[in-house]
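Lettered A, B, C and D in written order, each chain numbered from 1.
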Amino acid sequence: MYEHRSRRRVEFADTDMAGIVHFSRFFVFMEAAEHAFLRALGTSVHFEHEGRTIGWPRIEAQCRYHSPARLDDELEVVVSVARKGRRSVTWGFRILCGDRLVAEGRIATICCAIGGKGTDGKSVLEPIPIPSFLADQLEEAPRVVQEVPA
Amino acid sequence: MYEHRSRRRVEFADTDMAGIVHFSRFFVFMEAAEHAFLRALGTSVHFEHEGRTIGWPRIEAQCRYHSPARLDDELEVVVSVARKGRRSVTWGFRILCGDRLVAEGRIATICCAIGGKGTDGKSVLEPIPIPSFLADQLEEAPRVVQEVPA
Amino acid sequence: MYEHRSRRRVEFADTDMAGIVHFSRFFVFMEAAEHAFLRALGTSVHFEHEGRTIGWPRIEAQCRYHSPARLDDELEVVVSVARKGRRSVTWGFRILCGDRLVAEGRIATICCAIGGKGTDGKSVLEPIPIPSFLADQLEEAPRVVQEVPA
Amino acid sequence: MYEHRSRRRVEFADTDMAGIVHFSRFFVFMEAAEHAFLRALGTSVHFEHEGRTIGWPRIEAQCRYHSPARLDDELEVVVSVARKGRRSVTWGFRILCGDRLVAEGRIATICCAIGGKGTDGKSVLEPIPIPSFLADQLEEAPRVVQEVPA
């Protein structure tokens, strides 16, 4: 599996007073597509693994806006693995409306065990190696995917 | 303390393509004002009490829209206790822009201990009596509040 | 057509720190389902009609929360016409996760022509009779739909 | 005026099921701070200028997450001009919680006249030079800002 494609329709609540999708919403679109990719790989963004909850906090997110998206537009979100490290994955995204490129983005995430509480009573995020069942599948994705510049 | 007033400015991300605040955002405005009220009473919407985390899941929410709010409008959100039960509080809200009534709403919440996990592995919400330190303060709030300045 | 059913999956961004869907998001879910209904009727929530833009500002919204929805839950949103007036429609909603009732709600909307600018330079919303091509179709929906109390 | 500082408190609706502020919300925080900066300069993000509406669509947005923000945290958002072109401004942001760096970001915007409708009936965004009354003020801001108190 080299890339994953999911579709979503622009909703009224995605728009702003400029009549187009608010720029912050594209990050939600990208994240939802990332999670659809993880589901397609048989996992989830929050899952139990060897007695711990594994999550993927974001360390960086970026988006370039090429053309506006509007109410009722049917968007296709294409996800690929832009970079895979031992404890991290950077996802690459292209958001299309038909043939038109709407946005391109990238989200860098780090694999963490969530749990326990720190001395301040807050839950602790501990970076861990990506569980092998998942790492192996991501390995199948080429690190550089054509037409998805990082 | 009979009612609590907080202020917020309408942000671009609050608006939709009709050029006004999206109707769902008023629920966020109301909730934030409720939490400001709780902070003013010395507590929080999520707090530790006798070794458990206490939260206030919503059981009903309602809003009537009287006039639109627009970018940069300075809104005043007035919170009062509409009804107080042993385990529940219904908050009443008026949202004003200057003298103009923008919206009125109501959020019914129930006091719950959050924690442990159920047989399905999901966290359990157990309704409990409102802790007395808080119940006593809410008791002070008249059920119908009229023009009482903060 | 008596009711319309649409499906959506709970996304990470729909959740809050209590681990469940934030209560304000259900209003977005309901609105999106209403718009899917309108699309199924051959129209849209914002459309041009006889040279004017027609929109449906909300005058009231209400939701009762029966059970929590969580990440990845597949929700079904059932929309029906709870009340149809000459210039207004009140939509009724049930949100289900499988057989489990998650929430019930209602959104009252008013048919408006949007356009021109008022003396304050802001766009004007003028209530108008529902265009007949749409009113006729909505008439087909029974005013009281079984198992959808208003 | 070299940089602008605004404050906001993390709200419940900003959080996600990981118990921290959802990464997409930081873009809203940054945008709101940008708009506060524009207000401090005597303008707005949407304003009338020589008979046209001027807006600032985003062409790129980026954020690095250094440490999580949680419910009730009081954040300070520091805005400066990272780059000023003839028709564009790139804003730089630092988000702090006390002395702790929470996030750093950047939003590239382009000055556009909004209005008229294109051949497809959609409103047109035409890039234009930044109006001089605003360009002059932004010129005053150094491109690299270091520890300059508000």
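What we mean here is this: a contact is a pair of C-beta atoms (placed from the backbone, for glycine too) under 8 Å apart; a residue touches a chain by one contact, two chains touch by 3 or more.
A quick note: this is a predicted structure, and the numbers were derived from the prediction, not measured.
Trainee: Between B-C and C-D, which chain pair is linked by the larger number of C-beta contacts?
Mentor: When the contacts at B-C and C-D are counted, B-C has more.
Trainee: Which chain has its C-alpha centroid farthest away from the centroid of chain C?
Mentor: D
Trainee: When the centre of a chain is set as the mean of its C-alpha atoms, what distance in Å lies between chain B and chain D?
Mentor: Chain B and chain D have C-alpha centres separated by 29 Å.
Trainee: I'd like the Å distance between the centres of chain C and chain D, where a centre is the mean of that chain's Cα atoms.
Mentor: A distance of 32 Å separates the two centres.
Trainee: So, what's the distance in Å between the C-alpha centres of chain C and chain B?
Mentor: Roughly 24 Å, centre to centre.
Trainee: By the touch rule stated above, which residues of chain A touch at least two different other chains?
Mentor: Residue numbers touching two or more other chains: 12-13, 17-20, 24, 28, 31, 46, 70-71.
Trainee: How are the chains arranged in terms of who touches whom: line, ring, star, complete or other?
Mentor: Basically all the chains touch each other, so complete.
Trainee: Would you pull the chain D residues touching chain C in the complex into a rising list?
Mentor: The contact residues of chain D facing chain C are 12-13, 15-20, 22, 24, 48, 70-71, 121.
Trainee: Which stretch or stretches of chain D touch chain A in the complex?
Mentor: 17-20, 23-25, 27-28, 31, 46, 55, 57-65, 68, 70, 114, 122-123, 125
Trainee: In the complex of these two chains, what residues of chain A are touching chain C?
Mentor: It is residues 11-13, 28, 31-32, 35, 39, 44-46, 71-72 of chain A that touch chain C.
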